[in-house]
Every structure is written in C-alpha cells, then in structure tokens.
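What follows is subunit A paired twice: with subunit B in the first complex and subunit C in the second.
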Partner chain A sequence: MLPFILKRLGLALLVAFTVSFISFSLLFLSGDPAAALAGETASGEDIEAIRRIYGFDRPMLVQYGDWLFSALRGDFGESYYFKLPVASLIAERLQVTMTLGVCGILFALLTAVPLGVVAAIRPNSLTDRVALFLSVAGQAMPSFWFGLILIVVFAIQLGLLPPSGAATWRHFIMPTIVLGYYAMPAIMRLTRAGMLDVLGSDYIRTARAKGAGETRVLFKHALRNAIIPVVSLAAVQMGFMLGGSIVVESVFALHGAGYLAWESIARNDLPTVQALILVFSMFYIVFTFLADVLNAWLDPRMRSA
Partner chain B sequence: MTDATDPLSREIEGPSPRQMLRARALKHKALIFGMTVVLLLVLVALFAPLLAPHDPYAQSLMNRMVKPVFMGGTWEHPLGTDHLGRDYLSRLIYGARVSLLIGAVAALISGVIGTAMGVAAGYFGGKVDAVVTFLINVRLAMPVVLVALAVVAILGGSLTVVICVLGLLLWDRFAVVMRASTLQVRRRDYVAAAQVIGASTPRIVLTEIMPNIFNNLIVVVTLEMAHAILLEAALSFLGLGVQPPTPSWGLMVSEGKNMMLFEPWLVLIPGAVLFVLVLAINLMGDGLRDVTAPEGRS
Partner chain C sequence: MSDTILSVKNLTLDIPMGSGTLHAVRGIDFELKRGETLSIVGESGSGKSLTSLAVMGLLGKSITRQADEMRFEDVDLLKANRRVMRSLRGNRMAMIFQEPMTSLNPAYTIGDQLAETLRLHRKVSNAQARARAIELLEKVGITAAESRLNQYPHQLSGGLRQRVMIALALMCEPDLLIADEPTTALDVTIQAQILRLLVDLTREMNMAMILITHDLGVVARVADKVAVMYAGELVETGPSTEVFARPSHPYTRGLLRCIPQPGKTERGAPLGTIPGIVPSLIGEVTGCAFRTRCPHARPECRAPIPERGDASHAFRCIHPDGALSQEGEVA
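Entry: the complex of A and B
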C-alpha cells in the first residue's frame, strides 16, 4: 500500500508542478504583460516603470521560480484590481465555492445513486428508460440556461426562492441543483452498470438461495460492492465541479471563487487569475489522489496499477 | 460448387457485416432521431441566407422586443425581435452556423491532437505511453472553463480564437479512448503478421490500426463536438467568447438575460435550440456506439 501511495503522490506533485508552470506562462500569452497592465494610453516611460516595479524585465524562468516559491509559502502576489494579497482574497471567496461544491456533489449522489439502483433492478423497464433519458438530457442541458429557467420559475413566477446572492441556505438551493445535475448522469450510469454487474454474480445468487430478503440482498450485498467505483468517480467529479462553478456562480451572483475568477478575467487581473487556475487544479489533483488511494484501500487489486 | 440451390452454401451466405450494421442502425430510434435533427440543423446552417426572413444584423429601434407569433406577435417576426429590434428567427438561423462551425472545427483539431497522442501511446507503449498519460493527467487537472476564459480574454474574443482554444483544450477524451482502443488492436494477430512481413510503422498504423479503431473515433468526435458547442455557448454567455454582434446562441441567452423578468422567451428560445442540438448530437454518438459495438452494450 505504501509504495503505491508514494508513487501516486510523486505523480500528483509532478502534475501540480507542470500545471503551475502552464498557469504562470498564460501571463506571457499577451506578449508584453507590462503594456497590458499599463493600458492603452500609457507612454513608453510608464510601461518601462511598470516593467521594473513588477519585475517583468527579468528572464521568464527567473520570474516563474520567484512566483512558485512565493506561492509555496502561500503568497500569490497582489491583485492588480483590489490591491490586496491574492491569497486572502481567494481564501475569503473559497468558502462559498466549497459549500456549493459539497452541496452539489451530495445532491448528485442522493439523486443519481437511487435512480441507478432502481434502473438496474429492472433493466429496460419504463423506470430504466426514464432514468436513461434523464441522464442523456442532463448532459445536453446548458447549465447557464438551466439556472436561468430555475430563476424564472422558482424566483420570478412562484416567488419561492431568492434569485441571487448567498445570504441564507435558501440562496444555495438552486445553485446546488444546477451544479449537482451536471455530475448526475455519470454517477447514475456507473451505479446502474455496477449494480447490473454485481446482481448477476454468484454470491448474490447464493445470498438469495440462503433466503436473504430482497432488500437485504440489494443494499447489504449488492450496493456495497457496486458503490466502490462510484465513490472515486464522485471525488473526481467534485474536482471538476469546483472548476465548473464559475458559470453557476455568475448566473446566481454568488460571490465565490468562481465569480472572482470571472471578475478578474474581465478586469485583466492576471495574478488573481493565475492563482485561481492553480488553486482549482490543486483541488482536482488532491481529489483524484484521494480517490486513487481510497480505491486501492477498498480493492487491493488496484494497488499494482 | 457454389450453386444457390445448394442448401449448404445458402447457409453460409449470411448478411455482410455492413448490411448487419445498416440494419441495426435503422432499428435504433434514438440514432435516427439524432441524425435527422443534426442533418436538419446542418442544412439550416448551410442555407441560412435563403431561410432567414431578415438580415440578422439589421437593427430597428422602432421594433424592439416584438413578441413571438405564439405570444400575440405577427408573422413579420415569427419569433419576435431582440432588444435592438433584430429579427430573432434570423439570428437563431445564423447562430446555427456559429455553433456547428465551432463544434466541428474544434472537434477536428482536438481529434487530430488526441488521436496522434493516443495511438502513439497505445502502439509504442513504454516511455511514450508514460509521457502521454502524464500529459492527459495535466490536461485533466486544468479547469477548462477557467483556462479557456482567461486565454480568450488575453487574446481577444473572436471566432478563430474560440475555435483554437477549444480545439487545444478538448483532446483529452480522444487521447484516452484512442490509447485504449489501440492497445486492444495492436495485440491482434494481423498486426503481428504485418510486422513480420516487414511493413513500416506508419503503414501498420494507417492500414492495420486506424481502420479498426475508426468506429470508436467517430463516437468520440460526436461527443466532443457536443462538448465544444456547450463550452462555446457558456463562454459567449459569460461575455468572453464570440463577441457581439455575431449571432451566437449563448450570446443571445446572455443578451436576453437582462430582460428575463418581462420577456422570458428571449432566454428560453435560444437555450432550447442549443439544448436540442446538443441532445441530438449526443443521441447520435450514443447510438453510433450501440450500433458499431453491439457486444459492448450494457
């Protein structure tokens, strides 16, 4: 187990390192970051001054090393727009995004797993077809449009829920649904496939033969084994969802890290954008790492991979 | 003797694999539905200038936000007009061009990149495989929406930039699927036979490997096309994709959002069309997978 964990950890660190380099290089895509920062009306002297103040006159690799070592200490520089340390800006906004992400994945699991189980118990039945259709339709639904429809129906027409903001738990209901449904199709399909696989196996036949009740067979014997791959998929989806929250947060005006990313991109606030790309990538890397370790712990056969 | 009246030879002559494929495809309702809708929208996009009742860019400040015909409007503007008085149906029709063009070209670019990487990894294995797998991991760790938004913002939003950014970001699934498919195929005897007779690597890849993983490639192409179309709409909705006045469905939803309180149809119509197109492409992709690999269906 330990060699497996160390190997995976090394790989995760290497991926993190590469991602950090890519997100740093994005700054240089614009050609001259100093000119971009100074604005169109700036004179040559202004640009030169900015270049010196921000250290853009040094070689790119030196700047990267500098940035990386500061980032490792938790210092992502200062936001061009807010004139505040980027790290504290992001930390402040992450609370909303994390809450949303956790609610979203819970919502997805609580709806998709039962649907997948029901679909697997009676394959090709009406329930199965409805569940399958929902998962195909879910994948095709643009999340910003789904969010706006919910606002029109539940906030404007029915007046049941607040349309935007993050003041109370009721503000999180619609964003949770929009973010969560995105992960539902994959979880449902995997639960269904896993259950179908397990229900056809010998030990289920044995359990039934020895007279175990159907509920007991389904939940104690079958679901326990079918759920293993779902757990790691959920961890991976969680990483994707945090990155995808940018759309949801902008639709519902939730001032989380995704909203901050959108604002910062629109304002050309590059240190904040770089840091956010890195932070969201780190979440994904940590979640997939945990999923791998969890998988290996639950199923020793995975450890050789 | 292979006389048709001979009962033995008749038994051997079954339908050809191609005929069986066609029969399965025609029976697959979701596939037929998906293909029909996609084909219709492709025709709409191709013949947009003939079909659109008005110029999609012509503004008319006297006729702003005219209601669609089913909400009490007139046939002059069947789906009403937007906040600048532009005909909504015409903008929707021209919007099909933007969505389909971005979807097709982005899927093509990412398909070339991902297939090259995946086939190389599967065929050569070893270090090449390790590097490709690592690159796939790096790519998956980057938040797509965020990176695409940032790059489009830095380079400036235009159709070309959006297409290139999406094309360079969406190759991961191609690489994963093509790698797995190549791994399966390269163990087959006919690949070994080609190696034995001294065929060159490019020849083996092109004539032995590619034809046998082509079905899987087509499935991923459709799914990634749908993915690219959804992402373009999301980028344009956030104001950092295709720029106005280009008619993009995501942009139309974004422009209608401010009037959503009073005129919800401004948001509902372009979103619904986008949903139908993506649904149709996905149904087509899923159907193709069922039809080409009937043994792998669950």
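Entry: the complex of A and C
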C-alpha cells in the first residue's frame, strides 16, 4: 500500500506542477496586464512604466519561476483591486467555500448512496422509480432556480431559514441542499448501477451460500465493491463544487472563493485569478489523490496499478 | 435417526417468462444417504444447477418452487424460513460453484473469507477461525497456508481458488456438499486433482455429495448413484455401476456414446453425437421430452410415460427395455 501511495503522490505533484505552468502561460497569453492595469485613458509611456514596475517586461519563464517560488512560500502577491495580500484574501473566502463544499458533498453522498442501494435492491419498484424521478429532476433543474424556490418557500413564506449571508450554520442549510442536489443524480445512478452489477455476481452468491444475512451481503460484500466508481466521481464533484459554486454563492450572497473568482476576472485582478486557478486545480489534484488511495484500500487489485 | 440425509419428492421449478411459464424442473425425486455421492448428469439447461440451488434455498425470487417433500436431516426445507435456511447454509450444507475465478470476493483476503464462514455459524474468536482456515487450506493441498491467508483472490490461480472454495465449503464440516460443475472451468490436469480431492474429502469426513456435471467420465469414477437429467426430468436413476453397465434410457446411451473409451472406440471413428436440440420448456410439456431426438420415438411417446425398472435402477421410457433391443438396427 505504501509504495502505491508514494507513487500516486509523485504523480500528483507532477500534475500540480504542469497545471501551474499551463495556467500561468494561458493567463499570460490572454491579454496585456499592463494595459489593463493602467486603465483606458493611459498613455503608451504610462503603460510601459507599469510594465517595468510589475516586471511584465521580463521573459515569461523568469516571471513564472519568480511567481512559483513565491507561491511555494505562500506568497501570491498583492491583489490589484483589493490591495490586500492574495493569500489571506483567498484563505478568508475559502472558509465559506470549503464549508459549503464539504456539506454539499456529504449531503449528496448521504442521500444518494442509500437511495441508489435501495433502488438496486428492488429494481423497477416504486422506490426505484421515485429515486429515478428525483435524479432526473435534480439534473434538469438549474441551481439558481432551485435556490430561488427554496428562498421563496423557506425564507420568505415560512420564515424558517435566513435567505442570505454566512453568519450561522443555519445560513448554510439551503446552499448545501442546492449544491448537493446538483451532485446527487450522478452519484445515485452510479451507486444503483454498481450495486445491480455486483449483486448479480458470483461472489455474492457465495456469500449467501455461506449463510450470510442480507444486510451483511449488501453492506459488507456488495457495497464495498460497488462504491469504487462512486468514490472517483465524488472526488471530481467535490473539486467542481469548490471551484464552481459561483452560482450558489451568488444566489445566497455567500462571499466565497467562487464569487471571488468571478469578481477578480471581471476586474482583471491577475494575481488573484492566478492564485485561484492554482488553488482550484490543487483541490482537484488532492481529491483525486485521496480517492485513488481510498479506492486502493477498498479494492486490493488497484494497489498494483 | 434415519440414514437418509436428503430426500426430495416431486420437485417442480417454474420460471415466469414474458411468453409463458418455463417449466425448468418437472417433478423430480431423489434421495441421498450419509456419506453417499449422487451425480446429476445432463446437458446445459437441463435443470441440474437449479435443482441444487433449490435445495440450498438460493433460487431467484421469481422462481416458484413446489414439491411434495424436501427434507434435509431433521429440517423440512419446504417450511424452513429464511433464518433457518441461513443457519443451514455454509454450516450443514455447503456449495462449490463452477466459476472459481469470480466466486471469491475480490475485496477481502482469503483468510477473512474463510474465517467469516466459521464465525457466521460458530462462536469462535478470529484467531481460532484463522487457525481452522489454515488447517483446511492444508487439507485441500495448499502449501504455505499461513501466508495464503493474507493474499487476495486475484493473486491466486484458478486451481488454487477452487481449492480455496472447497476449503470455504468445508469450514463448518457440512453433512452435505453440493459441487456444481466444480472442474469445468479448470485446466484438464487440474480437473483430475480437484476431483480426487473431493472424493478423498467426502470419504474422510463421511460427507454426502451431490456432484453436478455434464462429464460422464467424472461420474463413473466418483459417484455411488447417478441421476440422468433431461429437459427438467430425471430420465434414469440408479447405482452408477448399474447405469454404466446397463444404460436403459436411449438418452443415457446417447450420452455414453459421446465419450471415447480407450480400447473400445476405434481410432479415427467419429464420436457419437445426439442430433437435435433440447426442446423449449415454455408452456405445457407432455409425454417424453426426448422424443424429438430419439431414434426410437413412436406416436405413443406423446402420452404420459411410465416409470420402469425397480426402485434402485429406474428409467422413464415407452419401450419396456428402453428400446435396447432395437439399438442394433440403428447403429
């Protein structure tokens, strides 16, 4: 198991390095940051001066190296717009996003996996159909619309929950449901398909022939094998939730990292955008790595891969 | 206590299909005594495996099981609820399957899977269960048994996995072992070893065995009794020496012609085949199911078929001698 983990860790670091280089280059090619900083009315000389002050006149590789080494020390420069260190700006916003992302994926897993299992035990039953309906509805419904419906019903009509902000845990209930519901359908259907497949397998018949009870057959023998693709999917969805919760954050006025990304792009705030891209891609890399390790623990055949 | 450990009378298994009911097993009887080996022989789809799954209580939900009697030792299997069946399975009756490559759970070690069987039925510690697992692995001829406990199924070959499956089945010293084509998926050299092992173990543990196979060569070497199954019916039953010496049903003789015999079969001569295919069992089936392929079929074969012979060696055929006297003309 340890050689496997080290190998995957090495791969993850390589991917992280590549991603950082590509994202840096792409932003570099996407426009002239000096011109954007100087503003529309600036003269050519002003722009040149700014170019020199910020070091944009140096070769790209030098700029990248400079940026990377600062980034490794936790220094992502200063935000052009907020005039604050990017690192502390992102750290503050990430708290909201992380809370939301973790709650969202937990909500999705805790509802979708049991639903998928139940649906697989009795395929084509009423439960199966209800679960399928919920998942189709979840996939078809845009997050902003579902979020607004929840606000109208629970915040305005019933007055049970606060409509916006991030002050208490109650503020997170509706965003969690909206974000989690978006991830649910895929998890549920993958769990259902996996369970159906595994329940028909020979080793499940062996487990029953041993005299194992149904609960043991389902959870010890079947679910462990059926959940493996779900783990990989959930890792990707988790990465997506952290980076892509902009819509949910806007609807509920949660000022998280997704919202910050949108603000920074709109304002040409290059250091913040660069740092956010790096942070979001690191999330993907970290969660994929964790999913690989978890899967290797679940299925010994993957340890040699 | 009676010597008979399993008795099945008039077992019928029906599977509902879109186009009607499939009568997979149609009124079969058999009996098994302690320490005895019964071999059920037949082509694919003849209902052999379903019969064994019916005994184990492992049939799919959609299959209906009916019988006049199904008794295992002191338990009435027809009345046994799920709890009772669970306490029997893996404990007093155990089963080995055809597919050693896929019959073990890929996520758990051999040791975990062996120990689980014992711990489901006996109050023993994990250490005791593992000690028993080592003992059984050695018994089924696996070397370095202790280190095998920590291996996973994918690290073992097919032959080894089938040995593990046998050890798994024997963990609780069952009185009845059902082996469903245990050697079909294995290399020819391994087949003989596994079969030998099963025979030795049943003798040593005084265990009854139902050996399901389509290989008559296997039956001749191993079984005390043989039951020949065709299209959901037993067409001939008897002591295996009797059945091999005087095969009475035309189908049994057809099967026997399909295996070459050293010394008897001429070099270069074509092997025997039974022309035709097994009839569909969907809808009502009357008369002899073999009549569509039988060289001695007559119009009367459509009527119910009498059982002939005596209680020990019986067969179902319209011909009093199973058309043995006419066989010369056909050949």
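One rule holds for everything that comes next: the second predicted complex is superposed on the first by the 268 of 305 C-alpha atoms of A that agree within 3 Å, B and C clash if a C-alpha of one lies under 4 Å from a C-alpha of the other, contacts with A are read in each partner's own complex, and residues count from 1 in each chain.
Everything that follows uses one rule, which is that a residue touches a chain if its C-beta (ideal position, glycine included) is under 8 Å from a C-beta of that chain, and two chains touch if they have at least 3 such contacts.
Everything numeric in this text was worked out from a predicted model, so none of it was measured.
*Asks:* Taking the superposition as given, does A:R224 touch the first partner, subunit B, the second, subunit C, both, or neither?
*Replies:* Second partner only, subunit C.
*Asks:* Should A:S201 be classified as contacting the first partner (subunit B), the second (subunit C), both, or neither?
*Replies:* After superposition on chain A, A:S201 lies in contact with subunit C alone.
*Asks:* In the overlay, answer first, second, both or neither for which of subunit B and subunit C A:G211 touches.
*Replies:* second
*Asks:* Applying the document's definition of touch, where does A:D299 land relative to subunit B and subunit C: first, second, both, or neither?
*Replies:* second
*Asks:* With both structures superposed, pick whichever of subunit B and subunit C touches the larger number of subunit A residues.
*Replies:* Here the partner covering more residues of subunit A is B.
*Asks:* Taking the superposition on A as described, I'd like to know which of subunit B and subunit C A:W145 touches: first, second, both or neither.
*Replies:* First partner only.
*Asks:* Going by the contact rule set out above, which residues of subunit A touch subunit C in the complex?
*Replies:* 201-203, 205-213, 221, 224-225, 298-301
*Asks:* Show which residues of subunit B lie in contact with subunit A when the two form their complex.
*Replies:* 134, 137-138, 140-147, 149-151, 153-155, 226, 230, 233-234, 237-240, 250, 253, 257, 260-261, 264, 267-268, 271, 274-275, 278-279, 282-283, 286, 298
*Asks:* Quick one: which bits of subunit C touch subunit A in the complex? Just the residue numbers, please.
*Replies:* Within the complex, subunit C contacts subunit A at residues 56, 58, 86-91, 94-95, 97, 99, 102-107, 116-117, 120-121, 152, 154, 165, 168.
*Asks:* Considering only the defined contacts, which subunit A positions touch subunit B in the complex?
*Replies:* Listed in rising order, the residues are 11, 14-16, 18-19, 22-23, 26, 29-30, 36, 136-137, 139-145, 148-149, 151-152, 156, 192-193, 196, 242-244, 246-247, 250, 261-262, 265-266, 268, 273, 276-277, 280-281, 284-285, 288.
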